[in-house]
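Chain nomenclature is as follows: A, B, C and D, assigned in order of appearance, with residue numbering initiated at 1 for each chain independently.
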Amino acid sequence: MATTLHEPPQIDLNNISGVGNGGSINIPTDGGLRATLDHSRPTSSSAIWVAMFAICMMFAAFTSALIVRKGSSMDWQSFALPSILYFNTFLLLVSSVALEIARRRVDVFMKGARSGAERPTLWLYITLALGLLFVAGQYIAWTQLRAEGMYLATNPSSSFFYVLTATHALHVLGGLGGLLYVVYKLSNLTLRRNAMVSTARYWHFMGALWVYLMLLLWIKL
Amino acid sequence: MAKFFAATIVVIAILSAIPILRHTWTAPEDISTHGALIDEQMSETMAEAGISFLAAQFILAFFVWKFSNRAPDAKLKKFPGGAKGLVIGALLVVGIEVMALGIFGVKAWANVYLDAPSANAMPIQVQAGQFAFYFRYPGPDGKFGGLHPELINEGSQNIFGLDPEHDVDARDDIVAAEMAIPVNKEIHLLMHAKDVGHSFFVRELRVQQDFVPGLDVSLHFTATKIGKYEIVCTQLCGLGHYNMKAYLEVMSQQDFDDWLKKQGQ
Amino acid sequence: MRTKSILAGVSTLLISSSLIFAGTVSGKVTFTGTPAKPKTIDMSKEPSCAKQHATPLTTESVVTGPNNGLENVVVYVSSGAPDDGQVPAQAVTYEQKGCQYLPHVLPMHVNQELKITNSDQTSHNIHPLAKVNREWNKSQPPGTPPISEKYEKPEFISVKCNVHPWMHGVFAVMSTNHYDLSKGGGAFKLPNLPPGKYTITAWHEDYGTQTADVTITGNETKDVDFTFKAKAY
Amino acid sequence: MHDMSVPAAHHHAPPTSFIRKHVFSLDHKVIGKQYYGLALLAAYVGMGLSWLMRFHLAWNSTAIPGLQFLSASGAPGGVMTPEYYLQLMTMHGTIMVFFVLTTAPFAAFGNYFLPIQVGAEDMPFPRFNMMSFWVTFTAFLVLMSSFFVGDGPTLGGWTQYAPLNAIGAVGGPGQGTGVVLWATSIALFCVGQLLGALNFISTTLDLRVKGMSLMRLPLSAWSWFITSCIGLTAFAVLMPACILVILDHVAGTSFFVASGLVMNDQVLPHSGGSTLLWQHLFWFFGHPEVYIAIVPSMGIVSHILLANQRKQMLSQRVLIYSMGALAVLSYMVYGHHMFVSGMNPFSSLAFSFPTLVITIPSTIIVLIWTFSLYGAKLRINSASLFSLGFISMFVSGGVSGFFLAQPSIDIMLHATYFVVGHFHLVMGVAAMFGIFAGTYFWFPKMTGRMMNETLGKAHFWLSFVGAYCIFMPFHYLGMAGNVRRYSTFTDDFLQPLIPVHRFITIAALITGAAQLIFLFNVIYSRFKGAPAVDNPWEATSLEWSTATPPPFDNFGGKHPIVYHDPYQYGVKSSVGDYVMQTSPEQVETEFEEK
């Protein structure tokens, strides 16, 4: 049998890009800004999905822990979620919308000539602000609970509340970091579409995750 | 070197099999009513695992012996069966083999864990704590006194935290550091953990069960042979784990009644 | 130089005088009611220890003597005789033999050296459950050197061996040298008390504490008796 | 060798400062070497611990000279105390499982060779990659620090069962600070490995060069890809578990401590926690961890065998699918660690069947390896010897899985030395053999020098025979009911087994000493070894088509183009009986027609 089962691929030296993006040479293949093409690191579009999967697993573990722990003994005392959480949820969802608008603008901006069109950083800043507000809101929620005497160790229900919300808040902060990175890259015209897209995906994911957590806490606490 | 390797594998395989075949080290004689099935399962598995083990090692040895360091002009050969044959073979042979094992195993498992203890099984409570087992018999009234963790005081031997002052049921409860049971009588063992995870393992009885702190599990078995056996802890429970043990005395009904009376005083 | 010698002279004078007019508090610790009868200890888990006891060991938390005498009671001067700070030079030893603590109650002075020895074939684990002092938990395999420890603050410390749950004892760490342990019929004796007002405290691990005030004037022996109420359970 | 390839842009220029070059390097090759160094260090620490343990088990009251200086209270007069034994045992397990079996075959070799084997210049996120190593290294330091903090490391075993792991210092020496440090270390380790897995997966999916389709990936690359998928799921579950344990310690929560527990006659403050919860979370990670340890070695061994048998595997696809099946199944079987844990007996049965099913892909893998040797032209060298040894060990350790997969038999064998023998052979020794094989095989590429074959062979024979002398008897002990994790054998029925333990100890001391030959060989060859050519083994995959050692960007400013499936051995080509993946040459096989 012949060992070379595949035809040797045609080499088109004008447009080499690997199956992924191994070969980045001086032709726009990743849809980035022209200024970024030289010395650009290969991009990975699947990384963000991998990261989100890992985060899902982590919260799945917390969820199962919560369910098992609640079932394991009678000491579970439910409490009403601080109402500010609903407002925070609203903030996070709005921020997602803002980011989506920002992403579209950036897209247009990247496709069009750089000269002229002003940079769509405004919507990114709005998203950032909303995100920060969300984290602040979460902090307020914690202080409110503490005021009610619900501390981390008071009861398994409160323990899980703090653990879940804090872990989520940390990941949101990570998203904010990503946004800052995007803003910075955009400011010196070295933003690559992949960075923008991945950040957006992550941010929407954070929103979705939070909605899930709200439902979980609302049902289980 | 290759031939030496092949030979070594064969020798090792055979040497490893000898103690198994000669039963040099093996579980002690079974003294339980349910253990026979487990032993049967064990020997069947041993046969199948042993054959697969020897076969695999021998074939590996044979191929290494035959097909290493060959002349440069020697021709490569392809295994006639090809991958498909192997896969199908493995699926059928191993698949059927392990499924059979699994299905037969269910019965052996069910005897110990799925069937409920009979109504007239004799209740004994065992409490595992760092690092000793203590056993409690309900006494003449047939009722166990309640447990009060805050009353536990090992210095004055209140091992279970009984409250004889207020709890009438507790007054005649009999607490012992060794487990005596009548022969051929079903025992319903109520397992209570005082502090951390422990385990109750009697090789002759073919029982092993972990204690779950905060959740009392139970176990039932019938011993068929009078004698003295060792109960050991198999769940790492702290620095004294190695020394956490107790004796199991299987007695005739008469001896057991006397023993119980003696403990009662 | 001269001042030194004078000081020395004065101090010797003081000490000797305190010896000359040395009062003694002695008495008896008893109990009323019926104490819980000692429970026999089953050591079958540790055969090497079990065979050292011809008659099986019993619990030692309440040990009674003839005519209601109560033993293992620590009697000490709890106030009136300020600690003279003299830490006895010789160490107190605590022996683990036959899976039993010898003695059951071990009084010692703050900062006095405590030597713990293991005379058994098995490995012991000494775990004094100190609250005021630093809690430690050490194993002592057979044939290893004695453990040397000391306690800085006065405290009644309950001692456990985690490996042998029935092993139980008490360290009575005192900030005074005027203490005694009630023996035989519950008798105790606190000698060498210079004149003054004293509070004597008797401590029992199960029955709690009792106190009595005495005044020593010159060279005399005061009788102080303590009576504890026994608990049936 | 004619190598058609296209020019590529360096995406980052090679660093010049020592720090950036060797310490905080972004280069996956340097990071791979760093991981290897860490694994090497950890392996010898772990081995030292096992020496101490084995000696204590064989000669219980004999003092080990100098041990008292390691821990005065742990070994008064050099005689090991029960708790110190357990502390060493816990550290041995943790170090070996996490910092050797996970780092060496996966993180070390994977980091170095995965990007090269897919034809990439580097991983997509070099900074994450660097972080991954340094976080892992910190984790190691944190773990080791527990030797010197408070009353020593935790004694709870590498499985750290609840509630012993959560009740704090009352549980015994090391259960306070020791556990917190342990959990912190493992949580950090998880972070490191998650970052690594992220890089591995995206490298495999996104950075393959032109012509490198998934099915053209070498088996080693496949195994690293599959392993990183397992790790991504497993470590993402272990980390929360560790966080919960730490909270039970420092924040006074009650996730794992049930109510009414009494230690030293005091009722514990915690209440209502679930002790089985920890076991579920831990084993959901714990069983896949076994495959994290073994699958990379499977890939490495296949990779090496192919180069040495000069002939293709019967089917590469079947191998890949079987490894994938192992990965998937590994999540459906974790409950077989909990048959007698008090878990619902029906779920024990539910867990036992997929466990038995795992034997099928495992058997297929072994059969493919073995029968691919049929009609081969096997070359014998240290690398191939260790690969063959791996197969033998994998079989020997695998068959005992038959027993442990069945709840009824597990009643007799659970928590005995049978289990210890099983996992030491199948995931310990076997994986180590994979690491050794990989070292002898790739050392030339990594350092530019060959390893000493004579020493290598000596190392193999002592390790191979020694490992069997140590771990086969474990199974017999287990069948006789010898409980594991005992620091002293006081039970009457264990006395007759002590001679067996002495035999094992002697074997362990000798086999351990043999590992020093390896250490010497590595260090000696690194500086004095014979210079290596680019492709010493006449192998086909991409790492052999670049310079030795590879330039900073792996292919010297080029992007290779892949024309062939991997492992085109047993063909007639201009270079000999093989053709590189990067060579456009059309070739014919030289199988004689049947």
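Just so it is clear, contacts are C-beta pairs under 8 Å (C-beta built on N, C-alpha and C of every residue); 3 or more make two chains touch, one makes a residue touch a chain.
Every value quoted in this text rests on a predicted model; they were computed, and no experiment measured them.
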Worksheet, complete the sentence: Between C-D and A-D, more C-beta pairs in contact link A-D
Practice prompt. Please indicate which chain is farthest from subunit D, where distance is taken between mean Cα coordinates of the chains.
Written response: C
Worksheet item: What whole-number Å value describes the gap between the mean CA coordinates of subunit C and subunit D?
Response: 56
Worksheet item: Taking each chain's centre as the mean position of its Cα atoms, how many Å separate subunit A from subunit C?
Response: 67
Worksheet entry | Where subunit A and subunit D are represented by their mean Cα positions, the distance between them in whole Å | 32
Response to the item:
For the pair subunit B and subunit C, the C-alpha centroid-to-centroid distance in angstrom is 47
Discussion item. Can you list every residue of subunit C that touches 2 or more other chains, as numbers and ranges?
Written reply: 122-123, 125, 139, 158, 160, 162-163
Item to complete: Please set out, as single numbers or ranges, the residues of subunit B touching at least two other chains.
Response: 129-130, 154-155, 214-215, 238-240, 243, 245
Response to the item:
Residues of subunit D that touch at least two other chains are 81-83, 172-173, 258-259, 265, 272-274, 276, 488, 490, 591
Fill in: subunit B residues touching subunit C - in the complex, by the definition given at the top
129-133, 154-157, 159, 164-165, 176-178, 238-240, 243, 245-247
Discussion item. Taking the touch rule as given, give the residues of subunit B at its contact with subunit D in the complex, in rising order.
Written reply: 1-2, 5, 8-9, 12, 16, 19-20, 24-28, 37-38, 41-42, 45-46, 48-50, 52-53, 56-57, 59-60, 63-64, 67-70, 72, 74-83, 86-87, 89-91, 94-95, 98-99, 101-102, 105-106, 108-109, 112-114, 129-130, 149-150, 152-155, 161, 193-197, 199, 201, 203, 206-215, 217, 230, 232-243, 245
Worksheet, complete the sentence: In the complex, subunit C touches subunit B at residues 36, 39, 41-46, 59, 61-62, 122-123, 125, 139, 158, 160, 162-166, 168, 205-206, 232-233
Response to the item:
Interface with subunit D, subunit A side, in the complex: residues 1-6, 8-9, 11, 13, 16-26, 38-47, 50-51, 53-55, 57-58, 60-62, 64-65, 68-69, 72-76, 152-153, 156, 159, 163, 167
Worksheet item: What does subunit C use to touch subunit D in their complex?
Response: 122-123, 125, 127, 129, 137-145, 147, 158, 160, 162-163
